[in-house]
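Chain nomenclature is as follows: A, B, C, D and E, assigned in order of appearance, with residue numbering initiated at 1 for each chain independently.
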């Protein structure tokens, strides 16, 4: 579905145009066309392929989706695949934004993204002096927007880990903690698959030899690279803390098992002592003087209570109960 | 066994030819011969070696099979070893496709593969404008086909992991989960041994200096490289999730042990209380007033039931039963 | 907040100046301005940006804070982000120092740091022959100071690990050990995130091609790099020892469980033996000669004590009690 | 001990010669001397050092043995250290083969190897057209032979792992499995120390700049490199599976513990129920109507059997027994 | 403290000289001064700094000690930091040797080393033809000596691991094994911190571009590098075996727990059976024919013994007792 199609020149929007007029505006110095598609149909992409002379393989990638994040050059065209990761209730929603950037055009194709990208266009138009840099700057703003949306996700994952940690160290060990740690790990892997390849690919857009289209905006792409570096580092930390949390949790479960065993044993002793004493006075010997005493029974009961009381006190003191 | 032998020119098939006529067609610009063997006998390979002047070591590799996936140059001849991995019931079947590519020939030798490669020929012939690129394009289509067949395998392995996860988190811990995790790990290693070396080797076919034969189709090989990258990444994720699943499962087994222990202890208490009380009234003291009461027995039984009932209620509440 | 603003020439301080006079002193060979800000307001940074012609992105980074440690060149300006890590009771306090270094100025912006940096200025002024090297040397002294402050942190973390180790091997396994190991791991990650990226970035300041500003002080930056290397190595050791400590602790908990189980079983046996014997003499057979004996009861009690005494001796000897 | 000393020219053996005549044959184009020593005495090596002008450090290495596998150039002399690994009953026997290769000589020194290397000489002499390549080809055949002997070792280790796996998943967890896994790990480390450094070193013998002596046989050394790659990969797989096997085994031991605990508890219940019921009818209340019934006793016994029978059925059904 | 100060020329010692005469001998071709200090005071180092014109930072490093092992060039001066590791009873003693090497001098400063280095001087003087190479050769002999002293340490650590392994697999699991494994890990980290950075640094002294001072003795430094490689490899093996040993030990502890549990349960059964039977014959039913039989009591006791005997036999057979 076509969302937007406009012509820009010298950092300012000239006009929204119907897609049929695109070719009138191509090849004019300082002017570029910016087209945005959503969940594009094959025919739409085909049309764009002809309009902008895109490479068949890139178009196929954009059509099929589910590509790994990457930055590829096809002749003068830069093809960038970004993966969006958004919070969706307790889950992570993964979408894709494919960007084709040439000297005189920017074509964005997004799929399964929940948040829109209209803010991107607004931000670009508010900075005409930078938009003058052309399609390269538009690419930067798109990448920056996608990357900035990773931060709340990583914050959420960190918050989840902290919640689980609190439960691990405060409450009893529960199946739920274990399952939550596992689910968190899964989410982390999803985020990592969006970030890690992009981090690597973004390195191609600054320093050393860079594609001509982004030559004037290298410092900006270094900034994006930097953000990706930080996110990557946070992901690595989370992974390491998760692994540690899982093994620490196992230790705590075992400690808890130990404590339970002791508590059970203490109660068992409290029951076994009276049973043993009662057993002894249940013996049928003809001569058992205690049995004849008037206060034999209360005395025995007193003995039982004394023994159990003392044991209870000892167990309490040593922390078994 | 010879499966196919045909001559192509300008992207179109000229004719199927008997293998004796191969040498008539070699060395003609724009023309190449495409021979396909299956489970080739030593003599067949020897014949081909002479026909196409293949390097002795490459032929030996093709004969023995069980090579690691690789891309090697012997003079003008490119020797590519691919490992096919196919689902075979609950197992993975591993086969091998060896491809010799020269300026005017393509020779494929496949071993132990279950699916055929006739689709490859069809696909090539349907795209004459690309087949015009010559043997390099044929190599691309073969590699692409082999690599595309890894995807259902990785999907299956992911599905298996999800099934095991569900069983781990829902049902009781079972020996079967553990064994299945181990078997899954084994399969993953099989797939990884097919993919990882090929991924590395495929990097030689695009960017920087590439063998002349694939010079015109670099973008296509980058696409194959990309697919391998994605598969590799999925394999790494699976490995990491598997390791996590194994340790999470151990935690759950220990939690389960804990729960079992508590349940057993609760039942033991329910039996020990009556035994203790009965023991006390089994004592033989001459003076035990309760024993003389008319309703001593039912009162005691009531006490027993009350005690057990209360305990049962408490255990239920605290989740032990 | 402006903390300090002074002009230096030939290694000596000329004068403290109000910030409005900064531009009078720029561009004079051998002379440079050194400005220090703390928790700078956006307007202050804006002013400095105009004064020193700083790059917008760098200023934005300095404003937002929470950047990863890095060394970046924006034209002739070197932008360095340092993360300070200080002990704050049982916690680690993380601050940030951003340094802009040009040919004729040094601008430092610090945020959330607890210790001041006035010592830095003092140290520089005490070594005029080195300060003559200009802003590059000032940058070195700042980096050296920040890095030197990591050492007490690493020492503290090592001391904490040793305390936990002692508790693990001496006392009983406790929940607290496990939690402390986890908290230590968290702190280690905080330190590592300050050190690791800086270590990598510091490599750009010596050897091979270096920014012109630090060309004359390369040996000093190699020294800083070296210190970071050592800290990094200590962090890696700590991580490895922590992982080992966690698994060793789990082993000890399991051993302890084992020992507890044996102790409990021993006590259970000491109670079960009398119960069994008493049970036997509680049977109601008409003909049980022992029951008629005058000393049957004391003999039985003696038997019970003998059996338990022997058992107790055996348990003691084998270490169960 | 001198095993063999012969002169070769144009791919064919000219004659066996006494070692005193070696120097007559040196420096003649197309001719080379091949000397083989076993467990060489210092004097023998010294003699050879003078004969072939070997570097002192290389000779010292050859004398002391226990070097890491490596490929080193000393001027025109290539010094190669290979480690042989052979099956020796249940153990692995490690030996060493040191090879000095110059333009006109090959000197091999082997230590603690069990299998001989006479096959190497035979293989070389059967391929005169390749032996014409000179000492480089001899080096290839020696390396290829040593490397080929790793394959049965890796096969044996894989077979051992499979045996242990079968025992882990089928039988009861046994101490022996754990010990065998550990011993297997040890063997794997031995093999890895022979293979990994050689793999790395073999990379110097093909592609890019190679020592002159092996220039004509690069494709062959690539083949050796390839075999080492495959062995290395198998070793890595084995390591990973071993680690997985150890943790999977621990899970199974814990599951087994769980099952044992349940079985024990079930039996305990089967004994505790009769004990409790008997206890109740052992109470001494004056008024306990059941005690007076003619069929009280058999009825109670029937109750006991019924209760235990029902429990037994339930335990069976739920898999506890 | 000054230990030694001598002048060498053409590979031979000319004379021991007082340190005041050092400067007479500097700058003479083929002649060099060799000074050895131990636990040098700041003034001594200062004196040397002036004498040999050493770089301030290097001297500071030598003064403070506790540097990471490294090889650094300060102009024409090579500054090498070595860490000595020596066995000291059950502990490892770590010392430091700092070496300054110039064209005409060698200055060694050692701290906290237990063994002396007089052997180094002796070894050098016994090889005048090599000592002629000058200070570079002296540096080699010092490094070689330090590195050779790592070997007994690694041997000792390997012996310790073997001792622990034997105890793990033969005896009962003990707290001591776990603690010893941990202590061994600690020692290993100490050794690794001495070896790993030196290994890396030693790579700068041969191949490619090397400092002029060591240009003539590259083959010797490659030999040192080689030894470090081997030690490093042994350390890596030890680390991996240690990790494996810890997890294998945990498995064995769990197996042992399992076995203990079974043994306890068996004994519990042997006690519970008589208790249950005695309980039944302790019931007070009026009509219990067995109670009236003359041989009821001995028959019951026989039953009890038979039941326990059979159980005992069964437990033995299945390995529970």
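Operating definition for what follows: a residue touches a chain if its C-beta (ideal position, glycine included) is under 8 Å from a C-beta of that chain, and two chains touch if they have at least 3 such contacts.
No experiment lies behind these values; they were computed from the predicted model shown.
**Student:** Looking at the contacts, which chains touch chain D and chain E alike?
**Tutor:** none
**Student:** Quick one: chain A and chain D, Cα centre-to-centre, how many Å?
**Tutor:** Averaging C-alpha atoms per chain gives centres 41 Å apart.
**Student:** Mind pulling the chain B residues that touch 2 or more other chains?
**Tutor:** Where chain B meets two or more other chains at a single residue, that happens at 247, 250, 254, 257, 261, 268, 272, 275, 279, 282-284, 288.
**Student:** A student should be able to answer this: under the defined touch rule, what is the ring order from chain A, with chain C coming next?
**Tutor:** A, C, E, D, B
**Student:** Show me the residue ranges of chain D that touch chain B in the complex, using the header's touch definition.
**Tutor:** 165, 169, 219-220, 222-223, 226, 229-230, 233, 237, 240-241, 244-245, 247-248, 250-252, 254-255, 257-258, 261-262, 265, 268-269, 272-273, 275-276, 279-280, 282-288
**Student:** Name, in rising order, each residue of chain C that touches chain A in their complex.
**Tutor:** For chain C paired with chain A, touching residues are 55, 57, 61, 67-68, 70, 72, 74, 173-175, 178-179, 181-182, 185-186, 189, 193, 197, 243, 246-247, 249-250, 253-254, 256-257, 260-261, 264, 267-268, 271-272, 274-275, 278-279, 281-284, 288, 290-297, 300-301, 304.
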